[in-house]
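Submitted below is the structure of interest, expressed as structure tokens.
In order of appearance the chains are A, B, C, D, E and F, and numbering begins at 1 in each one.
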Amino acid sequence: MVKVVTFGEVMLRLATMRRERFTQAREFEVTYGGGECNVAVSLAQFGVDATFVTAIPDNDIGQSCINYIRQFGVDTSEILRQGQRLGTYYLESGAAMRASKVVYDRAASSIAEIQTGDVDWKKVFDGADWFHFTGITPAISKNAAEVCVEAAKAAKELGLTVSADMNYRKNLWSPKEAQATMIPMMQYVDVSIGNEEDAEKCLGIAAEGVDVTVGEIDPEAYRPVVQALVDKFGFKKVAITLRESFSADDNGWSAIYFDGDEILVGRKYPVRIVDRVGGGDSFCAAMIYGLLQDGWDSRQVLDFAVASSAMSHTFHGDFNLVSVKEVMAVAGGDTSGRVQR
Amino acid sequence: MVKVVTFGEVMLRLATMRRERFTQAREFEVTYGGGECNVAVSLAQFGVDATFVTAIPDNDIGQSCINYIRQFGVDTSEILRQGQRLGTYYLESGAAMRASKVVYDRAASSIAEIQTGDVDWKKVFDGADWFHFTGITPAISKNAAEVCVEAAKAAKELGLTVSADMNYRKNLWSPKEAQATMIPMMQYVDVSIGNEEDAEKCLGIAAEGVDVTVGEIDPEAYRPVVQALVDKFGFKKVAITLRESFSADDNGWSAIYFDGDEILVGRKYPVRIVDRVGGGDSFCAAMIYGLLQDGWDSRQVLDFAVASSAMSHTFHGDFNLVSVKEVMAVAGGDTSGRVQR
Amino acid sequence: MVKVVTFGEVMLRLATMRRERFTQAREFEVTYGGGECNVAVSLAQFGVDATFVTAIPDNDIGQSCINYIRQFGVDTSEILRQGQRLGTYYLESGAAMRASKVVYDRAASSIAEIQTGDVDWKKVFDGADWFHFTGITPAISKNAAEVCVEAAKAAKELGLTVSADMNYRKNLWSPKEAQATMIPMMQYVDVSIGNEEDAEKCLGIAAEGVDVTVGEIDPEAYRPVVQALVDKFGFKKVAITLRESFSADDNGWSAIYFDGDEILVGRKYPVRIVDRVGGGDSFCAAMIYGLLQDGWDSRQVLDFAVASSAMSHTFHGDFNLVSVKEVMAVAGGDTSGRVQR
Amino acid sequence: MVKVVTFGEVMLRLATMRRERFTQAREFEVTYGGGECNVAVSLAQFGVDATFVTAIPDNDIGQSCINYIRQFGVDTSEILRQGQRLGTYYLESGAAMRASKVVYDRAASSIAEIQTGDVDWKKVFDGADWFHFTGITPAISKNAAEVCVEAAKAAKELGLTVSADMNYRKNLWSPKEAQATMIPMMQYVDVSIGNEEDAEKCLGIAAEGVDVTVGEIDPEAYRPVVQALVDKFGFKKVAITLRESFSADDNGWSAIYFDGDEILVGRKYPVRIVDRVGGGDSFCAAMIYGLLQDGWDSRQVLDFAVASSAMSHTFHGDFNLVSVKEVMAVAGGDTSGRVQR
Amino acid sequence: MVKVVTFGEVMLRLATMRRERFTQAREFEVTYGGGECNVAVSLAQFGVDATFVTAIPDNDIGQSCINYIRQFGVDTSEILRQGQRLGTYYLESGAAMRASKVVYDRAASSIAEIQTGDVDWKKVFDGADWFHFTGITPAISKNAAEVCVEAAKAAKELGLTVSADMNYRKNLWSPKEAQATMIPMMQYVDVSIGNEEDAEKCLGIAAEGVDVTVGEIDPEAYRPVVQALVDKFGFKKVAITLRESFSADDNGWSAIYFDGDEILVGRKYPVRIVDRVGGGDSFCAAMIYGLLQDGWDSRQVLDFAVASSAMSHTFHGDFNLVSVKEVMAVAGGDTSGRVQR
Amino acid sequence: MVKVVTFGEVMLRLATMRRERFTQAREFEVTYGGGECNVAVSLAQFGVDATFVTAIPDNDIGQSCINYIRQFGVDTSEILRQGQRLGTYYLESGAAMRASKVVYDRAASSIAEIQTGDVDWKKVFDGADWFHFTGITPAISKNAAEVCVEAAKAAKELGLTVSADMNYRKNLWSPKEAQATMIPMMQYVDVSIGNEEDAEKCLGIAAEGVDVTVGEIDPEAYRPVVQALVDKFGFKKVAITLRESFSADDNGWSAIYFDGDEILVGRKYPVRIVDRVGGGDSFCAAMIYGLLQDGWDSRQVLDFAVASSAMSHTFHGDFNLVSVKEVMAVAGGDTSGRVQR
């Protein structure tokens, strides 16, 4: 069995129910999630040996987080129990033209205060094939960024494939700050994943002429971006997710994939949204899975990744709980949603 | 008032809430349902004197089932209290391209172990006009099949109209087994109902060239099937439901109806799905209701049946809780869903 | 800060959850709402000093109602605590072609038994800019109608702008009764708001050739109505909301607005419905807000009002909880529903 | 099988959850109940053929009430569907020294407006053995009182045993009004049931020196009351329930019973309260059941009635859902609450 | 009407339901509370004009907090909207011998970063009679302590009565730190309230020989403490709450009160606990209320305060929602919890 | 770290909420549990390396069970995925004198159909210190009994300590059948645990003169039983749990323990019950934990075990989620349930 390690943030996620406003909420749905954690969980559902590394406080909320993650089969034994609090985010699900809202509450979290040397990367990466991180972790704090570099470098040296999901977050840093941190890290990265905004904000390479708020998106518009990414950073593979937001209920979802040779355009899925958070993460997980399969060609890899991440929009919570078999059925063309008895 | 008797299975239905996965569920919605039971309940909502016959264990789960059914006005006084367990099914509601899943848990149920002679059909059918069963009951066990034959035969002899919903279930038997059991029973059947797959699997008569997983369905494709069914089994009337599965959220729903003379095509309704289970059963109930009305022509019967079963997709649980007045409004053309104050 | 006063009814609202039928409900969602109350709440979300005047019984249910309203920042200090009961309404949310149902239970409510002289309008209107009422209040009882006239007259005399939402309710009175009461009140009204049915039923002026149950609505059909309203009643401004009911889940929503000079047609929004009740009230609130802003032209007023009331369909309960900033974003063209982080 | 008829009120009951205050409630638990209805339901759980007669509006709330009652096996076919509304009561469950609160909302209910002649008592009583009513029904309205007299008289003439639960409600009438109505009705009553306050308020016969708010109650204090009741009204049997209220959570529960010959004192049960409403009604039902059994002596009757009504405090809602077998076990001495596997 | 101002902390409170462990929780109950806020809410239920002053972030969680508080009638118009986050606490309710657990998450909260000069105390205290604070606020941060001193001093100068609830929290500071901050503040305090531990930890005056973990508490043990408090700090009145913890479900609750002249011992109430948090705060509120009533003697004040705070244990959430009338009934001796109809 | 292996049954547990009857339930709480599984979970909370071995069907319900167990840190990697269904049990929580009810639904479960040779015990026991099973597993089926013997024998041969919880279930077998199976297995058992009924029913050794349904239990009555068990079966240690059932809400809980030398009597805890199921299992787990600690004397072992299992009654579900630290506090004497901040 292949083994994948991810490193980064996990938060307590407190979501209103039934599309209620925060001011209406008398209950919050309690789950846990975060970019790199979501990737690990999705990989574990595919049967991959997935290890998630982070720092979590040694209190009951921290333990609840551990329990929540490991129920889905992720190896949590390398998680550090230190620091004072678990980052939290509040989610209000939108509807129709009313946008969903996320309120972040990350100040003073354990992951922000992690230090280089806290994790024994040699031990963590023992037997591992792949390392994945996202642009959120370096954005959280200087400390977190340094540990991220430490990890990526160690992974590269130990021969793992390294993937990065750019995941630009404007509430965490400016494009200038992002680029100052992210660009030097790219030397360790083999596979780059991101959406149309990430490449520009994190790496300084813009997709010209794309308006993400309206209408049909032309994948061709992204071709120059891909070429620039490969030329500048030496990525072996590049994938870009494409989201069309028709409303808070309905999105279009697809991706393009450059396999080092040609650019493939994925099928576009209309998605009726149950929970939109984690869509990009599930795409990363499925890309990693596909690239680790023997004998899959680029088309198979992309089809699997797009189908899997489209399906991830149908699950409450950050986690994509879909199985390989289920993804295969959809990627194979059956999007009918017929009852499986 | 007309009186209809149905015989067959009822199960405890345990469904996840809010489209959760089984692995996410910390609560199950508890309802009860099953093909023939669903038909009886829908008829009772129309004001029909509906009697449902089955076997249910003499324990608290069995009693809860009885109570659940009789709240909707069905006569449960002929239900046998015997055997060791109530069949159960687990339902995970899908979303978008993620299919809903049903896990059956029917081993050793009371209905599977029923025996000929257990029911006094003469008493049960006293004063009744119509008997209905489905292809699920004979598929459950040899015992259940024998009692089904016993019932159909008795009904026929006592002058009741007999209807059968083919309802092929691939997890219960093979087409070969189904045909061996079902074909001999057809001699007692006046009205045959089924979907595009049932006729082929249960009766060996295929609808050529229909792909149920994609696109627009052409009702004309079903015409040869209808003729073959009438020719071979002598049905007086044949109805076939037509479902287009665009996704787990959105289906198209219609039916065709052969009244012994001409073939009518029903209006096609787009249905936004609240709960998809029981759609076919509600169609049967409405067909029976329509055929029992004085002075309704075939168009009225079909329009009522299609509208009623389209509306059944909007109710949680197996049961169709719509009233005659509500069906009439929709069949009459008002599908606007405007608030009724 | 501007100050707006509304007078009228508030009810206990008991709604089934998850689109359940009344017969399935084992729990009711408890909220409170009513035309004029809803207007006050929406205005308070916009930062307006909003006072709601009504009569509520001096019992625990009445107090719960007060608490519910004032949490959203409405001034409830002028509410009378008298009479024997709070009017109630039961709501069953429909789905697809199944219509939502409202069962009113208003007999002997406190507001129905209010008497002229109970409210000290001079005190209530002190410092106020605007008074708003709807056609529901006069319809409740002769007493309520008399107090409504008393209020409108006092407001007019004290120099407030007066707006009225016609809001015809066929279960409360006949068109003949409505017109006998409403037409004499129009002398105090500056701004008239209503839907396509209200003008005809309450004021005797019909919009010819509009079928509200199907298809695309042509705003031009309403032009003669507007002219007649201005000619006959001297309204300074007239607005008419336009609802297209495709199903209980999906509506189209827009409005036309005559600003005394020209007729403007609003943008039409497709709305995926979370809760449809209170749509017209939220339109009134946003119209009042817009008309009270310095320097807004008619287009801005209408765009704000249509966007706000379109968004009101996405909130559970009668109340529109949207903020000025959120409305501005949608009115400005971003209906993508993208997550706001 | 014996057949019992009860006549009176049933209400929609809206209760806060988890001992919340009304002002905290965002959901109400929806059940239905009322004195005579509760008696019928408890009898149906004992296997008795129980018919409940009342008047309920012909709307969806009324239908929901019917469905709710008949799920427990009560015959609802004699219920009148007329009038404008179903009476409602709101319940806030107390805790410790905080008292539970009931807010009644009965104005203009269907049962209050029932008229003599509406019910065909000869038909209703056909085959019946027993008729039961309570003092609440005559208190609701003059109309309801007249129908109650009509029923009691008919029952007596047709040879049924008649029982009455005095059930004085101070919010419905004064002792003077109660006595003016109740005393003349006693000529039809064979079995009188009530608590320590009822005899005084409804029939003018006081239990001297009993303070119900504190401490241990001496059953001997009730002996003079019993004698006076028999002497004055000719009751064949008299039962008085004894409640000691230690707190909203813990009560003591017992009864005394005069069988026409001697006075028996029941066992006193400590009851940890889940839901206190309906305790007296469940005692009436169990008394009726016991008195209808062949060969039960007075001790058996009383023990059964006290045990059953003690157990009724453990069920949410007005209804006592206990079975004969369960009551027998407790009456037989096993109050251990051990798990029954 | 009297006016009371309180200043201090309010937090988002996230509680597990049904006595679940944190690790079991998939939902949190969402309420808001904190010492001084709780006092203001309880006073508002008594009809007092209560103003609560704090600092809350200008985001949606902050607004939800404002709405939550003002629904109960507290004046929130003086609350500052500044800083980065709302302090949070997690509550797991215990049962039997399993202790309830609180996890605080207060780092970087708005109230901790408040600064002197942020509040215009002259304006806030305009027309006010009383100022109340607790020992938690000074413990949160040096900034909060300074603002607390600023407020107490201003209140004293403006002639308000000042009360302080010592409320020692060992997770916030050591006794040494507490005393260094608290003792100098006592010069502004007229009324001192606390439990048996507070006087020792905050003010350095111990109640010798009291073991709070077991058995019956002797109020006499507290007499030396009271005298020392008066002698050293010049308090005009001193009250000490007495809690006996038999289990997480059952406590004993009382208090002693020194009115400047004699020491009175309150009645001891057994309390079955629904929610234990906020007991001391509700005692403070009721003491303030009693002391502000004309003509109440010390016995009345103490009886009211003990009864009110005993009853506060029966409400979910921090807030005591009891009314004056309800407290009076219990203080008057009726602890029977009988249903109030 | 010590390692413990348990083998046996785990079931889907479907429980009514809020002490509802089965007939009232519209939702079931979904958890999983069973004797040996419960022991493993409790040990994992203590930090022990606990492995649970069973057979579970390879469907979604089975996977949900796995996920549920492993969230609490138990090693589920040795669980077999085979057979057709997961055994189920339905739980209705009682109250006061109303007993809780369990309805078992175990027919045809995977564990019942397990076969010798399915588990590689040598591999499973590698590095393990202790093996535990209960009397339920051998009672399920002949197959399960054979595998249980196979496991116990292998454990013994490999030098593990073996403990057995007798756990007699009258619905699974008769005393005669139990003894025929259980007695031969005792040769492999070092530590015998059971309640007062188990020794008699499973091993034929009665505790004379104990009435479990009422009153205070005298531990001395159990001394002859202990001696007989040691004499006849050669147990090194024997523990007997003592439950006094005062009601479904309140029990007394203790145990006696024979350490091979003397008999110790545990402290008796009054337990207010949240969920009673799994009490005996949690006692076993804590005994095993204590016996595996270096330097604990018999008193420490017993005190830990009784305190832990008393606390287990405060958790919803079968699992005891208490930590070593929490047990230590209670065993050390603090049963006050005071809030831990």
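Going forward, a residue touches a chain if its C-beta (ideal position, glycine included) is under 8 Å from a C-beta of that chain, and two chains touch if they have at least 3 such contacts.
Chains and their UniProt names: A, B, C, D, E, F = Sugar kinase.
The model shown is predicted, which means the values in this text are computed figures rather than measured ones.
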Subunit E and subunit C - chains in contact with each: A, D
Greatest separation from subunit C - chain, by CA centre: F
Classification of the subunit D:subunit E interface as same or different, half of numbers criterion: different
Chain centre separation (subunit B, subunit D; CA means) in Å: 42
Subunit C and subunit F: spacing of chain centres that average the CA atoms, whole Å: 62
Junction residues of subunit C, two or more chains touched: 23, 26, 67, 71-72, 101
Chain pairs that touch, as defined at the top of this document: A-B, A-C, A-E, A-F, B-C, B-D, B-F, C-D, C-E, D-E, D-F, E-F
Residues of subunit F that touch subunit D when the two form their complex: 18-21, 23-24, 94-102, 104, 169-171, 212-214, 245-250, 276-277
In the complex, subunit B residues that touch subunit C: 71-72, 269-272, 274, 307, 310-311, 313-317, 321-322, 326, 329-330, 333-341
Residues of subunit C touching subunit E in the complex: 67-68, 70-73
Subunit A-facing residues of subunit E, complex: 14, 22-23, 25-31, 59-61, 63-64, 67, 84-85, 88, 90, 92, 101, 103, 105, 107-108
